[in-house]
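In the two complexes below, chain A is the common chain; its partner is chain B in one and chain C in the other.
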Partner chain A sequence: MTTTPAGAGGMIELKDVTKLYNEGRPNEVRAVAGANLVVERDKVTVFKGPSGSGKTTLLSIVGCLSRPTTGRVLLDGELVSGLPERFLTEVRRSTFGFVFQRFNLVRGLTVIDNVMLPAYPLAPPHAELRERALARLDALGLAGKAEMPVEHLSGGETQRAAIARALINDPKIVIADEPTANLDTALTERFLEIVAELRAEGRTVLMTSHDPRIWQSDLVDAVVEMRDGRIVGEFA
Partner chain B sequence: MTSPFARQRYLIDYTLAALGRRRGKNAGLLAIYTLVVFVLASAMLFASAIRFESTAVLADAPELTVQELVMGRHGLLPADHLDKLSAIRGVATVEGRLWGYFYDRANGANYTLMVPGRDAAEYSVGPGEAIIGEGLARSRGFKEGGALLLVSQTGKLLKARIKSVLSNDSALVSSDLALISEVDYRRFFELPDGVYTDAAVSIRNPREIAKIVEKATLALPSARFVTRSDIARTYESLFDWREGLLVALAAAAILAFAIFAAEKASGLSAEEAREIGILKAIGWDTTDIIAMKLWEGGLVSLGAFLLGTVLAYIHVFLFAAGLFEPVLKGWSVLYPDFALAPRIDALQLATLFVLTVIPYTAATLVPIWRTAVTDPDEVMR
Partner chain C sequence: MIFQAPILALLLVSALSGATLLWAAGFGVRVLRQWDLESGSRAQLELERRTHLVSTLLAFVMAVELFALLLFVFNADRMAVMFVGAMCAVGTLNVNAWGFPALYLKIAVFFAASLWLIVDAADSRGRDYPMIRFKYGLVILIAPLVLAAGAAELAYFLGLKADVITSCCSKLFTPQKAGLAAEMSGFDEKAALMLLGGAFAALALAAALWWKSRRFAALYSIASAFLFVAGLTAIVSTVSLYVYEHPNHHCPFCLLKAEYGYYGYLLYVPLFAATAMGIAPGVLSLYEKTESLALAIPGLMRRLVAGSLALYAVFGVVVIATIATSRLVLFG
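Moving on to the complex of A and B:
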């Protein structure tokens, strides 16, 4: 077993992180076991591994969507895993943008309303927020579909709408869980172009993927391999 | 700095969109909720208005009514009792009254036959004349100028020209009433001179009524004394009882609503929970989610409360509480047909608000809070 030792200077550091589901019950699952990792700033990192290897869980812990059962998570040297819920939300909102595997757009709302949702708690002037959302959609080729209900979008369009939503609060880190799982080759290439743009803008990108087209891409700076909840390798 | 008002505006925008997305479910909820409020508000508005009405009508009732008791039951009052009452200091006037009930086989209803008092000049009737209540006129098709024809159980005929039909204003107590002359009354009921049904006593100083009743009790030990406030209290308790009956019926609706609220409190649908998880994941606070759901519950419950109350107001004051009439109105077979003066008791409305809006809103908050404080990843899974 190979683990990546934690080191200084990383944007995100995981130290002996373990995550148990249904702790203490007969159906207890150890999703992540003793993970140590450093994620570098402004890099594209991909977590690969078979289903159930703990990639998504680890990404959730990194993105403050879930707390580790044991271990610590540091963001820019600050411990975030022990923060109370309201501070953790603040960290999540100001630092991360998420593109979920099933995109998780809110059905029944228009594309632009979905894109603006993460900014609602910040309550910027409505016109300004709308302008910002339209600019994001325009950059992703979706300006013409801004007023369309999200359920009318194609798979690729839905993914781009989810990316626009992830970027609305201008996050430093973008997290994408299996972003190309349901996309064909052309759309996967388009996604990689978007990732290249994000990196060029100075954002850190973390992804999970089964897809060799993703983790074999030249864009990717680091690949972390997982199996049975453990980090078993890291490749630059 | 984030403006709390702007933040709430965004939350309201989202709430309205959420209500629109689940419009079928929300419309059903609103309908059930409105129905419960409608039933309760109708009962409350009606009872409150009718109590006020009865109090207003009874304001003209005598301050003291004296009845003779025979073996504990209401008997005829000898005329010499009137003299004894008149002799009591503080008594202004004493008037023997004649009234009784007549069962009309023609429509199975009881009428109240009465001789108008001396002071009631506008209701004075001579021999062969009658003034009748609106319910009696309606049920038998009697009209002003026509003939009132009644046949007693012993075959005595009462035939009187209908001088007028009483207005709806006093329908609560006059719906089944027929005012006839003393001569006609005594002949119809075969009642000898020198006895009365009871006596109406007016008092110089109403604050001395207790003292006068005390003296009258000594003078007429076999009599019963009923004050105006006693009658009003009887009316009140009668209507309280009827209102209680309706509220008991409404309890079934409330129970159904409570089960619904409990179901709501026990958990969220998978779709709702997932939506909360998404909102949390993309940066909404637990307080944002609770505020949004408070707006949602508040809008539904407040909407239902207002709608139910307005519908109840229309039902009670414009349609004379048609749905609950048999339960709530009067005690006669001839139900009064009169419009109630619009009257709203603020305390009752506030009670209704507290009993309906707050429990529902609180019930919806429990599962929301439970979900909102869970890690977003766990909720979305």
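Moving on to the complex of A and C:
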């Protein structure tokens, strides 16, 4: 099992995490209810479950994109969910790389400009950043399209550009929300190869997925099943 | 009389500050009673989410209060022409019984707000809200002060009557009268300058001691407070005489007038700003050993001490330049 009971001291620990939307209103939604989980480092973990089961919300809490309503999130033993905003931004920027379901690349910018974008707040020398971005694109087979506007890329290329962007700050943890939702079998397999490379590089990968091709893959170390905001099962 | 832009601005600032401080003090009580970073309870997480908002609003309010003192004094001077007998801000402040209490309370708010802003800046450098209880404890103490200052200001402005014949500064800042102003006016000129020199020496000593040992920051803060008192005394008893080139005119408010080139602002702004920065290191030193502030506090204290020393130096240079360039000869 990659996921272990809370308290065992993994890379990411969730303790009694609950997330309510529209709290106190008639349309209140309990997106996550009392989640306890430990995710170990350098592994690939997939959150599966039907739409509305709380996968994306839980992933956004782990990635410090949103704060829980109750409960705590610890990263390498440090409490991160309660950090003041400026430190939370630092953690988010230096620790996580995000691949969003719709990829969220900025139209009108070139591929390389999109890839370099998350590094700008860290203000590295431009030449060095460009070199790093090109290396990322090269590793993902996109070096030849670096100067192309992102809207000219195919679906698979767009996804790889989004992955290159997620990796530009060399994150320890890569978070991908439904990364293969719009991809065919061949592209899904290519994506899994990339995930294997990320794991080999020593990164922890967290994904949500409806796709059995993802959570049945040998590459995946653990599957966390969610239903109605609750973790209902954890499988190796 | 109340419908004048500076008065309306000041009243608006006081009303907004009072309301914000009152609300923040209520939040502060919750922080003091419920804050527990170990807990993942809903109440704790709500406090964590809100503290950023409350602190941001408070920082804005406190910063505005700093400028409100300047506007209050500027306005008092500006309105002197409206009252019979008033030559400067003293006459305006003397129109009714609330003028000087309002000024003193606004000065107290100035220093309290400065301290809070510095504490907030230090607290925001810690990952675990290290000074949060102290910060909101301060808010609970500052709130009544801001409300009292606002109330005194309102009473003062509502009580401004154009037909009142007021007293000018020569009636107040004269050794012949009783009270603090008269005491300061009557202070021997040579003794006042020696006191100021001694205060500068004490400050330099305290700064050197702190710089060398990184200890005794409280001494620097005490020396700062002492220099503030000595500075004001020197301005009233001696420096003002050199500015006016008149051996009996001690008013510290006429210095603010256009006909003296707004000279007073050159003296007061550095003195007040330096003191606000100078009293903070002693407070911050209480948190020097806090783990999450171990890197941030020394740097912040260093900047505060250096900044206050620089501003005191400006004040000192202005005092010396005033004496050196004046045609008045008091000694020898």
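Keep in mind that, in the parts below, the second predicted complex is superposed on the first by the 231 of 236 C-alpha atoms of A that agree within 3 Å, B and C clash if a C-alpha of one lies under 4 Å from a C-alpha of the other, contacts with A are read in each partner's own complex, and residues count from 1 in each chain.
In the analysis below, a residue touches a chain if its C-beta (ideal position, glycine included) is under 8 Å from a C-beta of that chain, and two chains touch if they have at least 3 such contacts.
As the structure is a computational prediction, the values presented were derived from the model and not from experiment.
Superposition of the two structures on chain A shows chain C fitting alongside chain B with no clash.
In the superposed pair of complexes, A:121 makes contact with chain B only, with no contact to chain C.
Within the superposed three-chain model, A:16 lies in touch with chain C and out of touch with chain B [touch as defined at top].
In the superposition on chain A, no contact is made by A:230 with either chain B or chain C.
Looking at the shared chain after the overlay, A:93 reaches chain B, while chain C stays out of its contact range. Between chain B and chain C, more residues of chain A are touched by B. Using the contact criterion defined above for the overlaid structures, shared-chain residue A:84 touches chain C, although it does not reach chain B. By the touch criterion defined above, A:145 reaches neither chain B nor chain C. By the touch criterion defined above, A:108 reaches chain B but does not reach chain C. When the two structures are aligned on the shared chain, A:169 is found in touch with chain B, with no touch to chain C.
When the two structures are aligned on the shared chain, A:71 is found in touch with chain C, with no touch to chain B. Here the smallest spacing between CA atoms of chain B and those of chain C, following superposition, is 9 Å. Shared interface residues of chain A, touching chain B in one complex and chain C in the other, are 67, 85-86. Those residues of chain A lying in contact with chain C across their complex are 15-17, 67-72, 79, 81-87.
Put simply, chain C touches chain A in their complex at residues 37, 40-42, 44-45, 48-49, 52, 124, 127-129.
Note for the complex: chain A touches chain B at residues 57, 60, 65-67, 85-86, 89, 92-93, 98, 100, 104, 106-109, 113, 117-118, 120-125, 165, 169. Put simply, chain B touches chain A in their complex at residues 2-3, 6-7, 9-11, 14, 17-18, 20-21, 274-275, 278-288, 373, 375-378, 380.
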